[in-house]
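The letters A, B, C, D, E and F name the chains in turn, as written, and every chain counts its residues from 1.
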């Protein structure tokens, strides 16, 4: 690998609205020899129970990432300089079969991991978190999962299907991929099927920070709770964009009122600096319901903070 | 009445995007013998002074309520299990005559109240609060009104019309329907015609919590102020969706910047548990200005919290 | 069955924007003893290859049908008086499995056909035409299919899936459900995979009227071609709304420029009077891409003309 | 009056997106001594039976008229040079009372007619055509009405109201304002309440050109039919923008599929040159349902052709 | 000048949706002899680096200001009574030349200042702040600038252009127009080109309040920091609407997630009472990306608070 | 160059919504050795006089081209097989200087022409046609220009600027780039500044087909007029997307009612087969005003027909 990572297209030569639609205008993975961090898209939404459309998510987030610049003042890092970040494109996934899709994501992530130290995945619906966790688990063992979401996603089957966007964390827990005692849902809100939903999640070992907690607690207390929970374990961060209020993320599949602001989400992410974040995903961006890229921009900034947390190039 | 209320359509048999568009996929009132709580629509917007369209509000809120599930973790109740909640459909109201409309709403509410213990009304514009308060007053005497709104709605006539969406609480006070000393406006903001607007409201006896207060006060202080004000009176809750900021409720008729977030509104509602809430309405949802059901979803969740506050089935 | 069909809700009592969202404000099937024509929804879009969202189609078309009145001056019939038309609601279909969905649609259509003489189905994506044709075939033998679509939908597998929205008419032909020599595609346009696409369709026996033909031929010539083709066979009409230009139907999954106007589509349908139309569907309405119900209204009017063609009550 | 009419703001000094929002950037009536033609707005939509919002129509059409330039090549006239055209602003109309609104429009039109030779009115809903016809009748006697509309607007009462947007031409005929034998509806389509709707219109004396006729007849035949019908009578042109297909005019209150294109509407208008057009209106533009000013631009161009038909300055 | 300022059009005579589109329905400057405060538009967006369209900003903000009423309860002033406020219309600016545009804005502001004591400018993009500051400097000497923005706008050249929407405050500092030691950026957030961006701004003398500070600090602490910074200097307030989160201001050119709410922005403005505010602008409203006037209304309320801060009529 | 052109990404491996956003999913120019036809973007809109935003046009048309398949049944050619077509990306153009932009486009086109036999350019605004014509003229001598547009674009200066989106064909004629006697405007409509506009165009030598002609003439007559005009000269086709009616192309900068349908535009293009088409552009797609890619899809299909006309690989 070259000593100096190849950064985004120079905006003083090519205006930001011009040029290829890669994430943050970064080089394609094929155009660099290898990458410390690969950003890739998994355009699959066959596991969605309400509004579909997250299959268009990866390119929407890329398009919405054109304004991202190289220096992150909040984390005081230059994510594209401290690591070679590259856009690995989209995985071609069967839109008609959840099982094939899961297998393809698992194989794709495994293959991509062979050349890229860490992966930031843009979905796609939350179904894809399961195969992503499998591959992360192969590398890192049981993961401390930081799960931003309005929903628990620890439900069981739906219409007989064990693998949908409502089940990845139950399945992952069952498969032993997660160190649930160091995992936490953040941003829960909205009606549930039953009190059992919360009980079962708790029994699996997950902690929970509800949106209501953000109304009352100083953000630093919440960050502290999250950090304490994750500990010094390898952390996987999974962001369902519906953790944001519909005002901040209309473009999603199962919106619930009363959510976080993008300022709150970003601030919690920034508070993770120093933890051992090994991989991340952002899912459930459904562009057909977005307006003026509100959702896409929130997702792009979320991705940018995550990139700033993932490991840099080893020295 | 049967011992077990009939709940929403089973989402494991009929996906949430499918099936009839009743509120929360609950049974129609005609399909259950009677109801503890009737949710009904009053699609009238003839009293609107700016953007019309709230006539389409009831069905928009119903459509936006499809994701509501049976367990309310914030209030720790199962609103559809503790009471028979049913959708009583829409009232057919003359769109051309405010007077006839008010008479029809009054008659309709009285008739519906004969078989349903309490009513949750979806407007429609705020004009309809007056006849609703009349019927509530018949049952409960003077009401402590909890009025969420950007506006006072205690104005007098407009274009010579005494009954419009800007006047219901003045008229109600004049008619003795309200126990103003136990009533409060929450969410006031934006320019007024004059200092007199506030003075007159105060002279009628109303207290006020301004949006500005939410910027500075802990939410629990505000809840405490509201609870103290309402006391142990029979409480009627009237929610003009424009109490939310236009970011959270673009689909409304007289939007004002600087409003509440949906998280704030929902949290105050949850804080009312234990009060004697006897009826409620949600008004001024104008779908033509909504996007991706942002406003509709906020209204549906508001309705859900209100349903959780209304009296359950007597044991 | 009563002598006088129950018609739509009286618009002089309940304004058209009010009341339940059934097709054309007709009674629910459950509220009439049986029906000559059942309008039902099949909210399934798991077979879509590009923009999903047709699962929201049935209720969108219903909402867009509120302005339909009882007399059809173009066909000079009163479709709701000459037959009991009722809304049979939506079928609950597994969103995750094409195979289960097809089986469910087939079973559902068979069951509904037991009490309703003919069915008008609102999709959902075009995958559902296959099971619908199976049931029609059981009753009527090989069907003359009048297929309005920008696309042939006679493709073979896609991602290994034999049953998708691109394949129903190939599968139907293979299963012997169609009398292809009396069948015709109307409205074809846009790029194809290969010249073979057309050849194969022709080899299956289908005729074709291209959108280009509408630019040059008088509409009555086209109607005559279609009528001559269908002959006196039992006719099944399948309308993919993407037969319309995106200007007239933005809310669909695989839009192609250069399509029909809604005036052209409706006029061809009106020209079918006197043929033995035994069933029909309207598919591929994807509301997330619609605006101001342009697409929904076009679909609702299409449905209305089809209802006017389906058999009336036997005398 | 000065010899040279004051024209629009000079676009070489003030770009078209800048400056006051008068129709076609013409001077305000108050800024010229008097006018040959006054363009004014009547923002009233209290007579609407479905989607309201035409109260915002006048300013939307003005905003959409910014690109209108001074020379009309289709009619080969310079409408702002051959006559002083001025924007007379909006009438302040009671939004809550149809009766008061009608009286106000009548008084306003009478007053404006005192200083302006002819009026082009931008609605507002079609209710306002009645008082406009009254004032025109005072000046010109019974009028040959050229009525572009999807609907007959010759219905009787609705919810007991005799004056709504569905009744102006029945009321006008009853009041003797119209020379129905020289009047014609153009653009009719869509379902009716009953065959009687057409019969009654015919009995009142109106002729009709249906949208279906445009599919089959050369446009010049239609123009000839219209001209022959209107004859040499004083002609009033009333354009309900819903005469256009929803693709060309989504921003309206009672849209019906299968309508005219804007090219067809404009071409018929251009074909009226030489007739004695004495006044005109454009109604039912409901901006909340418009997109990218599609409807507003169609209305603005319609207005422009009408201005080119109204009498020029006497020499 | 008359003793009593002419206020907005009387809303009891002309409904708020009707009548001319001046700011807050105030009189045009031409219709009053002179003004204490002139609100004017500078529709120029030739200096934009990403989404253009702010040229349509002034009229959009005017249209969105129709609900503004005369009494400001938050500041307890009547801004239209304590001063003659008038709408001075738009400046005609060359859309093709930044240099000519800057010269025109400077000349226009100078001319307008001759008759109006203070100016509130609606942009247009941020490029225009430079000539506005030049004219303010002529009158008041070096200005304490309160700059609300997601961005520093102290960058140097872009594509060789020294004057763009990213550079006004660097140029102004270089020209000595600003008393940077009493100036402050408020609302900064999002990625930067480099750490140098912040360093250079600091070296120029600017202080900064980041959006992150709003997550942690009580609003009154922030207000106090801002007031302390501005001191008793003549203050110029420049509000780039992108200081708001995209949820609150989607209609802008370079949106960044994690921004202020409109409640926060308005509250800081209200906290400036008593300072010597001498002029203000609101820029970067790009209506093509707005929805339901969310952004326009936020800008209009911002303007209203600024008007309440600008000097009243001298007594 | 290899014998077999590299075609689009295989849609049976990567669904059409996935993968890089190149035109028609074709390879990037950098990924093939050279190309017969280069499709490239020129994202410049600094010459726009009304709605800006065409700078986002190239990527919007690319995104809207994902459904284009390899066989063109209307022209019976396989455009990606008969020639190597590749996406050459976007030119980086100074957004602030028309002069620099024109020079850059000229240089860029010249350079690209060195390796690609013909260019299909996606704008950007119509200003760019001038430098494109210059380069075409260098290769082919005076060009027969087929100019689809609502507007003449033969105006002179605007705000003193000689080079804007309203002037390219006047400047080109003055520079001798055009063989005007074999050139023709198609689709003209809407108001002009003066009768002189038409006269001057005629004096330059241009013929004209107005939109009105499409209402009356059979399409084949129009095609014949166009073919006769172009003769056997090298033809350059320039398509301003506003030649389409706003219903078919809302996403553009200077929309005019009464335009062509996309079926009409595409049919005229198909009628050009056999002519010596040497280059082409599609301009004025402004995505911020588009909806559901209506405009983008029309532009993509237009591009596809043009690609089918441009010279294939020499044998």
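The rule we apply is simple: a residue touches a chain if its C-beta (ideal position, glycine included) is under 8 Å from a C-beta of that chain, and two chains touch if they have at least 3 such contacts.
Computed from a predicted model, the values in this text were never measured in an experiment.
K.L.:
Give the chains in contact with both subunit C and subunit E, ordered by label.
P.N.:
Touching subunit C as well as subunit E, we find A, B, D, F.
K.L.:
Can you tell me which chain lies farthest from subunit B, using the average of the Cα atoms as each chain's centre?
P.N.:
That would be chain F.
K.L.:
Measuring between Cα centroids, which chain is at the maximum distance from subunit C?
P.N.:
Using the mean of the C-alpha atoms as each chain's centre, the farthest one from subunit C is E.
K.L.:
Where the CA atoms of subunit A average out and where those of subunit C average out, how many Å apart are those spots?
P.N.:
Inter-chain centre distance comes to 40 Å.
K.L.:
Taking the mean of the CA coordinates per chain, how far is subunit C from subunit D in Å?
P.N.:
Subunit C and subunit D have C-alpha centres separated by 37 Å.
K.L.:
Identify all positions of subunit F at which a residue touches two or more other chains, and write them in rising order.
P.N.:
Only 15, 17, 49, 51, 55-56, 95, 158-159, 245, 247, 261, 289, 291 qualify.
K.L.:
Based on which chains are in contact, what kind of graph results: line, ring, star, complete or other?
P.N.:
Shape of the chain contacts: other, as it matches none of the listed patterns.
K.L.:
Subunit B touches which residues of subunit A in the complex?
P.N.:
Per the stated touch rule, the residues are 49-51, 158-159, 188-195, 197-198, 210-212, 214-216, 245-247, 250-251, 254-259, 261, 289-291.
K.L.:
What does subunit A use to touch subunit F in their complex?
P.N.:
Those residues of subunit A that touch subunit F are 13-15, 17-21, 28, 41, 43, 55-56, 58-59, 63, 89-93, 95.
K.L.:
Going by the contact rule set out above, which residues of subunit C touch subunit D in the complex?
P.N.:
Listed in rising order, the residues of subunit C that touch subunit D are 12, 15-17, 66-74, 76, 78, 218-220, 245, 247-248, 261-264, 266-267, 270, 291-294, 297-298, 300-302, 304.
K.L.:
Name, in rising order, each residue of subunit C that touches subunit A in their complex.
P.N.:
Contact set of subunit C toward subunit A: 45-49, 51-53, 55-56, 94-98, 100, 158-161, 164, 288-289.
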